[in-house]
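When the chains are written out, they are named A, B and C in that same order, and each has its own residue count from 1.
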Amino acid sequence: MSRFLAAAAGAAALTLTITGCSAGAGSSAGGEGGEARTDIVVAHTAEPVNLDFTTTDGAAIPQALMENVYESLVRIDQEGEIQPALATAWEISDDRLTYTFTLDPEATFSNGDPVTAEDVKFSYERVQSDDWTNALGAKMDVVDSIEAPDEGTVEITLSQPSNTWLFNLASLVGAVFHPDEVDDLANTAVGSGPYTVEEFTRGQQIVFAKRDDYAGATPGTLDTVTFRYFDDAVAVSNALKSGQVDVIGNLQTPELTPEFEADDTKQVAVGTTNGEVVLSMNNADGIFADQQAREAVLYGIDEQAVLDTAWGGYGELIGGMVPPTDPYYEDLTDVFPHDVERAKELVEEAGIEGEEFRFTVPNRPYAQASAEIVAAQLEAIGLKPTIETQEFPAVWLEETMGNHDYDMSVINHVEARDLLTVFGDGYYTGYDASRIEDIAADADAGTEEEYNEGMQEVARTITEDAAAGFLFLFPNLVVADAAVTGLPVNAVSDSFQIYDLAWS
Amino acid sequence: MTVPTAPTTPTRRRARDLTFLVGLALVALIVLMALVSLVWTPYDATTPDPAARLQSGSAEHPMGTDRFGRDTLTWIMLGARITLLVGVVSVGIAMVIGVPLGVLAGMTRVRWLSGLIMRGNDLLLAFPALLLAIVFSAVFGAGTVPAMIAIGIAAIPAFARVARSGTLQIMSREFVSAARSANRTSLQIALQHVLPNIAGLVIVQASVTFALSVLAEAGLSFLGLGTQPPIPSWGRMLQESQQFLGSRPELAIWPGLFIALAVLGFNLMGDGLRDRLDPTLRGRS
Amino acid sequence: MRALAFRLLQFVLTVWAATIAVFGLMQILPGNAARVAAGMSATAEDVARIEQQFGLDRPLVVQYADWLGGMLRGDFGTSYVTGAPITPLVANSIQVTLILVVSAMVLALVIAIPLGTAAALLRGRALGTILSGLSQVGVAVPNFLAGILLVMVFSLGLGWFPSSGWQAPIFGFGGFLSHLVLPVCALALVQAAILTRYVRSAVLEVMREDYLRTARAKGRTSGSALVVHGLRNAAIPVVTVAGVQLATLLIGAVVIEQVFVLPGMGSELVRAVANRDLLTVQAIVMVLVFLVLTLNLIIDLLYSLLDPRVRNAA
């Protein structure tokens, strides 16, 4: 202890000295001039609590590990299209039940072993076992059997045709593990991707190192990539401004975007995500069990004003639960235009004028900002929302999502193609899922064209039933040093791809 | 260096009164803002005005507007309410619990009882306001009420200590012995002799605690664990202003300034009161 | 000697009482830890299974005994949320917090002692009044406001120091120091203002003591008299206050760690609260409470060591 105190005292004394003559003490981490850098630091706000997405929920772990460390048979590219990854090709049987994948013969795990069909079989059967507790594992429920006829071929048979399945396979449920390396997934990650986890300091950073023996589809460029995690959105911006980080994965302080846009040493790219900021209403219970009441809300909301004030105008109005990067996207913003008079009429018809209701809001910047302006707009049409801030995740998950104890809420549903989950049976929206279940099932089992048409109908039905408000599509605001290239601008898969990052 | 001439008593008293008056004026300003806000504010607090976003000070909006186009002056006025509410409630809790405990510990002749009270005090001292408030925000959810209660509970030991030491002094006085021999009950003695005589000390402590609770509430709200939107609070305003530091520093400066003024006001008032009320300090600095 | 043993026994009992208080508080947490761990799309069965896995379905007394026994062995258990052992987390974050807090206290004393002494000696003069006034204003500034302003000026404006983050000394001492400067200053400046007031009044108190009057009467200047006789006596209350303030700083650092994104106990605590990482919250609160109690003990012991009057009275 005393040695420690002495060190601290020394540190304080030196601090003083530096403060006294700090003109020369500045440090620059910028990448201007000289040799091109081989490392990069990327800032994120959501941190992974561990490295194991098979048992831990949340977007942060797959964001760091998928495609970079772990690979699936297929991946989703920046345009939302399915591309080869560990599988170089695949065939679908005529009955649309059996998928035959040809594995990349060059693919190896970072421990040197080749990736074999048995490894794929092991990994995908594991998703269906009790070892895998992440609820997203349900995406593999449709798989009936997995066969490995030879080292380089995997045959997967579904219990019923499913258009969604191959798409889902690109997400974390498709990750291929080494059978000997799954005992301590929380702390170690051995995959077949272009990078390895060199260092993981919980709550602070992950350091990725490039694999020189990687021979797959997406080889890395930079030797070292660091993800640094910040709790505070403002601190992230400050870190970029003072040169401590080179890239901000998704800026959570949109009001600062113009400042970065005006700065020649920085670049701003506005991409899309799969995140729909949903104004959810409890369809099953309370004031919003009445469709008229929900329609009143939807006519009463001016989504553009919400987007402008809450998120600096960045993002897109969509009017439905489908992002424009999905094949079955349709612009549904005209179903419930902003019409205060109509809204007031509906409020009167529904007999809910002045009736108080609970508006539970997770304590996230986008949600709180959206809620404040939505509440003001609803007051203008004669409704009385009572905003109740709930901590996210703990309280919101328990009260609003778990107990359905709410009337209205606002949350960014970030998962890809999640409309059937969010408006599925028993989910907190309380939507009458029988309205869409059959259409969705037919679509999933049909041809690709039938699928897209069917899903479009599902999305339209949800919007027309006024099941929820769709405030805006969450933007992906990537801010970086102007010299950085290969930025993954669109966040349309689970992953933040690091392999193309480079310095110009 | 030469010997500084000892200041004459009138100058010192004047300085003391000045301290008190400045403190009183600042506190009065905050109270006035809160009172006025009950009947009138320049604008409605919750109605956004997208056309007037992020304006700097003007005739219409003397302190400018925030990202929703809401009037900052209105928010500062409403924030004064929460600041005072938190202070009054937490000081009230601390005083109502702490003073009787302190008096009891000072008056009782049962050694284990006074020992128990003071050890309980020590235990409570190990939970400083902010720590207790963070735990409370986890237990009862983040909000103004848990924050006030936590800050209040954390301040109990300070009042208990002041009350106890004051009581011990009073109990050694002759008039207490006289009252005792006149068969007055302990309660009568406590109410008639002890409380009036320690009131000054308690009021001074209340003023200092008030300042501390303003700081604690601001810190908690800054962490997002105190007052929740849409209720205006200075600490929260400060937190939300952070992303505009580069473009609109006023958004941080106004709430920051008023937090500092409130704390300064209550501290100065406490200092001034201490000198005026505490007989043992009379005539000293 | 008996008094010392008694004080130590008292300390142990208080710490024990604190463990019960902390454990009890945690039991009323809303937001089921298992539910949070299970995630957004979990079913009731998922939650129940995880509860069982963590042993959350056991009787409270068993859970408490388990926790207390673990702590006595220096093991805070394994977090439900992260699946990682908590002890290394506490060990790492406590270093950051202690370095921050102790550096800030040293810096604050270095500023406060000369300023406070000067303010006392110059009492009644313009400069003395200005010094006391400044210290009053300094006390009123919340440390996070000071932190924000320091970042604005010295990091974003002048670019001298990083705006946030932490670098362990083993990865470069220069980087370690440059990351430390702003948070330490934010804590220390406010603290210095508080201490300046105490130093000032302690010095004033000492100046009134008889021996100083005597010394002055013998023709010494008050400055040299103070140095020779007074400072040691003035040190007693200042040491006491500095000790108490160290505890305040420890908690005040919670906010500063957030502003500067430092991986200290405060950041871990706030994060654990948000994640309902029950065992981690419990561990960090307990360690902080233990530190505060230990500081109080040390102050008490130091005080009775320094001041014979107290020693005799006890």
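We take it that contacts are C-beta pairs under 8 Å (C-beta built on N, C-alpha and C of every residue); 3 or more make two chains touch, one makes a residue touch a chain.
From a predicted model like this one, the values you see are computed outputs, not experimental measurements.
For chain C, the chain with the farthest CA centroid is A.
A simple rule picks the central chain: find each chain's mean C-alpha point, then take the one closest to the mean of all protein C-alpha atoms, which gives C. Chain centres here are Cα averages; for chain A and chain C they lie 38 Å apart.
Centroids built from CA atoms put chain B at 44 Å from chain A.
Taking each chain's centre as the average of its CA atoms, chain B and chain C sit 21 Å apart.
Residue positions 141, 242, 245-246 of chain B each touch two or more of the other chains. Counting partners per residue, chain C has 30, 156, 258, 270, 273, 276 as the residues that reach two or more other chains.
Along chain A, residues 391, 395 each make contact with two or more other chains. Taken together, the chain B residues at the contact with chain A in this complex read 46-48, 50, 53, 67-69, 141-143, 224, 228-230, 242-247. The touching residues of chain C, when paired with chain B in their complex, are 10, 13-14, 17-18, 21-22, 25-26, 28-30, 121-125, 129, 136-137, 139-145, 148, 152, 156, 201, 204, 208, 216, 221-223, 247-248, 250-252, 254-255, 258, 269-270, 273, 276, 281, 285, 288-289, 292-293, 296. Residues 1-7, 11-12, 15, 119, 122-123, 125-131, 134-135, 137-141, 211, 215, 218-219, 222-223, 225, 235, 238, 242, 245-246, 249, 252, 256, 259-264, 267-268, 284-285 of chain B are the ones touching chain C in the complex. Residues 4-5, 7-9, 11-16, 18-19, 22-23, 25-28, 49-50, 52, 55-58, 133-136, 138, 186-187, 201-204, 228, 230-232, 235, 238-239, 241-244, 391-395, 397-399, 401-402, 421 of chain A touch chain C in their complex. Within the complex, the chain C residues that touch chain A are 30-32, 35-43, 46, 49-50, 81-84, 89, 98-99, 102-107, 110, 151, 154-156, 158-166, 174-178, 180-181, 184-185, 188, 258-261, 263, 267-268, 270-271, 273-276.
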